[in-house]
Amino acid sequence: MVLDLFKKFTTLWIILVVLAFFPIFTSTFDLPFWNDVVMRIMLLGMAAMGLNIVFGFGGMVSFGHAAFMGVGAYCAGISQYYGLDNGWYQLLMSAVSCGILGIMIGFLALRTSGIYFIMITLAFAQMLYFFFVSLEQFGGDDGLIMDRSDFIFIDLYEPLRLYYLIFFILAAVSIMLMLLIRSRFGVILQAIKSNESRVEAMGLNPLKFKLTGYVISAVICGLSGCLFASWQEFVSPDIMHWTRSGDLMIIIILGGLTYVAGPLVGAIVFLLLEELLPDLLHVVFPSIAENWMIIFGPLLIAVVLFGKGGLMGVVGNRFTRPAARKDQ
Amino acid sequence: MKNKFITAVIAAGFVASAGTAFAETIKVGYMTTLSGGAGIIGKQMKNAVELAMEHKGGKLGGMDAEVIFVDDQRKPDVTKQLANKLLKSEKVDVIGGIIWSNLLMAIHKQVTRSDTLLISSNAGPSPVAGSNCHKNFFSMSWQNDQTPEAMGAYMNSAGVKSVYAMAPNYQAGKDMIAGFKRFYDGEVVGEVYTKLGQTDFQAELSALRAAKPPATFIFQPGGMGINFVKQWKQAGMDDVSKLYTVFSVDGISLPALKETALGTISTQTWSPDLDNAINKKFVADYKSKFGGYPSFYAAQAYDTILAIDHAVAKSGSKDTAKMREVLAAGGIPTTRGSLKMNSNHFPIQNFYLREAVKDSDGVVTSKIIDTVFEDHGDAYAQDCKF
Amino acid sequence: MTLTLLLEQIFNGLQAGITLFLIAAGLTLILGIMDFVFLAHGSQVMIGAYAAAAITIATNNFYFGILAAIPITFVCGYLLEWLIIRHLYRRDHMDQVLATFGLILFFNEAIRIGFGPAALFTNFPSSLSGFIEILPDTPYPVYRILIILVGLLCALGIHLFVSRTRVGAMVRAGASNPEMTAALGINVKILFRFIFAAGATFAGLAGMMIGPLTSVEPGMGEPLLILSLVVIIIGGIGSVRGAFIAAILIGLVDTVGRVMLPMLFKTFMSVSTADTAGPALASMSVYILMAVVLVFKPTGLFPPKGA
Amino acid sequence: MTSSILELRSVKKKFGALTATDNVSLNIQKGEIHALIGPNGAGKTTLISQIFGNLAPDSGEILLDGKNITNTSVSNRALLGIGRSFQISNVLMDFSVLENAIVAKISHSRKTFRFFKPAFNDPDLIDGGLAILKRVGIEHMADRNVSDLAHGERRLLELSLALAMQPVLVLLDEPMAGAGPEDTVFMTKVIAGLKSDTTILLIEHDMDVVFQLAERISVLVEGAVIASGTPNEISNNTLVREAYLGSDE
């Protein structure tokens, strides 16, 4: 079974191996800043992978998953505000809170479908956003400065330790997803995306599976948010702004939404573009370097128009097949 | 903004081979919001920094200098990553800029801990002035509460008995009203928090018309200020109540408000007509180079560069501890005159009452009509222990 | 809280709602008939506002600005559909979200490059700057009443068009069953392009009318887009009547809630708590309303028949 | 006397002013093939949808094996033993034929919340899936993608899925629609072969097929059952001839 996972998810394993050795590269060439970029890539990639459970595999276009990142981040921030700075405890808190919230929001939102689902998930995310903006005690809109959480045995002020903590949690999430997507549950989720009424006719209650998928994805986003807070040493409602939900969706579509590795590939490309495009433009076309989004926007449109299946789809096979089967 | 990645690689190579053969260069990372809706503010700040570098002949304190501009996109996580880039990749000696409180909060700890000076050109939230202060942080602007404090004090002296206060519902808005109430002795008959980013204030104006307060105090920065003042005038509210503003009618909104803003009063630490040599040169050159008056954001950005120049010149080095000592001692030559520094590294400065007027060319600008506070320090300095 | 103030706030809510309706009317058809998630509809508002403002500034004539801007927004919408949108109808919602998000970025930056990052200043002519007493002692700005009237006129026009004309019948058929429209042999391509351009024009008109009230700046359409999506969802996707009722509802809830909620809260809780909870709840109110509607009516209040 | 497996008592459904099913009462006997015929728009599919639970009747009762299932969900009815093939073939398009069957097998096993072991290479599930396909004789196309299948092949796959849960009652909504003559012959044979295992309620327009397969026929016109009986009785029923067969020929 393990060998099989290596064979089926080649891209993901390659990325994980590269990520594992990346700090050696940066220290050799003295580019410590790039560790930081990659940490952000891993965090947003992890959240996007979580979202992709519902988005790519379950066919539910949730426009509000940044809210779970926010809740995870605030679990860390608020715990620390009250002196509970054990990082493992904060991760647990984030997972539990996002799980409970996921059940509540999922249960209500999954009554709807299509565009209505997109909008109701956005509505709940906006409610949470405004809720945290109004929490004056925790800095409201200005946010809450916090220390990196205290992960027992791991002193996070050594930058590489945070890097590897994020890496190992990302790797764990990745392996869990590889298994999940090929499991009975994963197969049913993808079957629901393919044809909900057939699955229902087979005697399965789609809501149960969709809700479970929704909760798992919420928990993963929560974990990502909790680590995000430690990375940023700061929590503010900005982490759950609706544009971040949009960013997560873009990351997924960019990478390829029917692939487990897609969101990670998307995160790498998206954040590298954000990082390098202004610099690049400055060399080529200095007068509009500040307006780099005028290139970025059409680029996204081009990906949709010409790169069906995202980058993974362009590189790999172009057929729509369930992720449970295809080689990635 | 150049291709930093390539620069970094090349620089690393040079440093390894050439060692210290080069003359010392001081590197300043300047962070502001260049893209998105607030891009106009960042643009003015960038202009001002470039002007300052021009005035200093491209050197800071006589040392070769390089300024690297980065666009924070007004997002905390992007800001944090850029700060990291400036620190680790560019290895800058000073980080300056930053418009927004939340962005400053996002990078405050990281930059100060790395033993690099962080000089804010605008943001001044209370945590970094008080209990969370750090010796490596300096403000070239003000603490958020101070400007409304000045307005509160002025309104006392003007004999305003009761006021209706209005600000957006976010942290800075609440700080502003808290600061205002700290100094204002009269009655606050209404305290209304509008939505952040609200564009239409007609509903609030209707409520205000019904309440008929003799005075209205507002904090509505950026686009919100343009909309508020415009709609205030359109609704003929001047007949109902007198408007007192902070950070709502300034060099950013005046070009959009034009004559509509005439007569509006506000408090501020700086004004284009402030009478000193540095300011006169700054305003005149800014106007001729970029067309139009600079805003206080631009002035503070200009001052940030002047402060670095002063620190290097006086200490003769770009060493953080030495520069810090110079800046903490105060006496920094700026567009606001010689700036004194408080124990928490925020300026102790004058606060002026300004009115929107037409200049001799018919352009609407602001003019100082009174000095409300002289050498005013902020309320949080006592909580600050380095 | 006096009765006159309440009435005035209702007028304010009406004006906000009518503006939202103009934006939502086209969008609800785009979502309903073409099943197309068009996030860049807010950019149409911005284009309208900029076109009118730029022409007004150049010619110094407000009316001319509006008159010239209407065909400009129509052409913009037409071209946009022809160049990009028509290639996206058959794609799934996710692709549409991504592509139209890209359009938002493009339009905002294009405007910033073209007109500079600062807000454009426009004002309505002095002939419209007066007040009308809607009740004794309750003056209300003429210009805002004009917006309400123009909006109502547009709403009536759209209603008559959809319910009385042949093309309107196609639109109704399309909203309740897109496949059927195609099966009837109607030239769907032309119909779509027309709806798209008309939707852009109404959104642009909303932008033109609020331009003199608010600041005309890049990105001005996004907050309106989110609100009009809320309107469409509450009204039922594809239903112009639903959009109208929901827009007025949202306008009233948002406007009246903003002012009244804090006042209401102060009657039974401490002032400082009310100052925190009131505005917070007010900014959440429209989303709460939408969530409640969807929980009880998962396809909105007035889903088109057959949907 | 055989006992009834499905009983409808005055089932009524209205869409606005249109009465889709008008007080339909119907008895399906255990083990029979019962055909439901009627002109287009008579409400046949609407009735099937109510039996399967996709639509809720406005009034009336539906009993499966004596148990009231009027308010039971689709998935629970499937678990109670109703299988259905839809008018427009309804299979998992992105999956292969075997994968379709495996999903059905997973459902049948009731062990659905398993998160780790890969499903598509589980030998038990593959065997189970193949057995499902074998029932309608399509195991040879197990590895093909559904999107590549011909129309008739898809109908067969759908039938196999409907049978996967070993239902006591199968609802077949126009299984021959769009199929070529060869497919029709094959499908007819398959359906006839099911008779020993289950009860079938069949909607079909092809009268040859209906008279070949059905033991009893009910005729639905404008939402109401106008006649019910053996093929012989139906073909001799004057009401039916007038309302339906007459206009059809």
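A, B, C and D are the chain letters, set down in written order, and residue numbers restart from 1 in every chain.
In this section, a residue touches a chain if its C-beta (ideal position, glycine included) is under 8 Å from a C-beta of that chain, and two chains touch if they have at least 3 such contacts.
Worth saying up front: this structure is predicted, and the values here are computed from it rather than measured.
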Connectivity without subunit A (remaining chains kept where they are): B, C | D
Joint neighbours of subunit C and subunit B, given as chain labels: A
Centre-most chain, if every chain is reduced to its averaged C-alpha atoms: A
Whole-Å gap separating subunit A and subunit B, where each centre is the average of the chain's CA atoms: 35
Subunit B and subunit D, separation of their C-alpha mean positions in angstrom: 73
CA centroid of subunit C to CA centroid of subunit D, Å: 47
Computed distance of Cα centres, subunit C from subunit A, in Å: 32
Per-residue multi-chain contacts in subunit B, two or more chains: 35, 39, 43, 169
Residues within subunit A bordering two or more other chains: 133-134, 136, 291, 293
Residues within subunit D bordering two or more other chains: none
Chain pairs in mutual contact under the definition given at the outset: A-B, A-C, A-D, B-C
Interfacial residue positions of subunit A with respect to subunit D in the complex: 1, 4, 179-180, 182-188, 190-191, 193-195, 197-206, 209, 212, 320-322, 324-325
Residue ranges of subunit B touching subunit C (in the complex, touch as defined): 35-37, 39-40, 43, 169, 191-195, 197, 199-200, 202-204, 206-207, 209-210, 223, 226-227, 230-231, 234-236, 252-253, 255-258, 260
Contacting residues of subunit A [partner subunit C, same complex]: 55, 61, 63, 108-109, 111-116, 118-120, 122-124, 126-127, 130-131, 133-134, 136, 242, 246, 249-250, 252-254, 257, 288, 291, 293-294, 296-301, 303-305
Footprint of subunit A on subunit D - complex, ascending: 52, 54, 73-76, 78-79, 83-84, 86, 90-96, 99, 102-104, 106-108, 111-121, 145, 161-162, 164-165
Interfacial residue positions of subunit C with respect to subunit B in the complex: 2, 4-5, 8-9, 12-13, 15-16, 108-109, 112, 116-121, 123-124, 129, 131, 139, 141, 143-144, 210, 213-215, 217-220, 223, 255-256, 258-259, 262, 271, 275, 278-280, 282-283
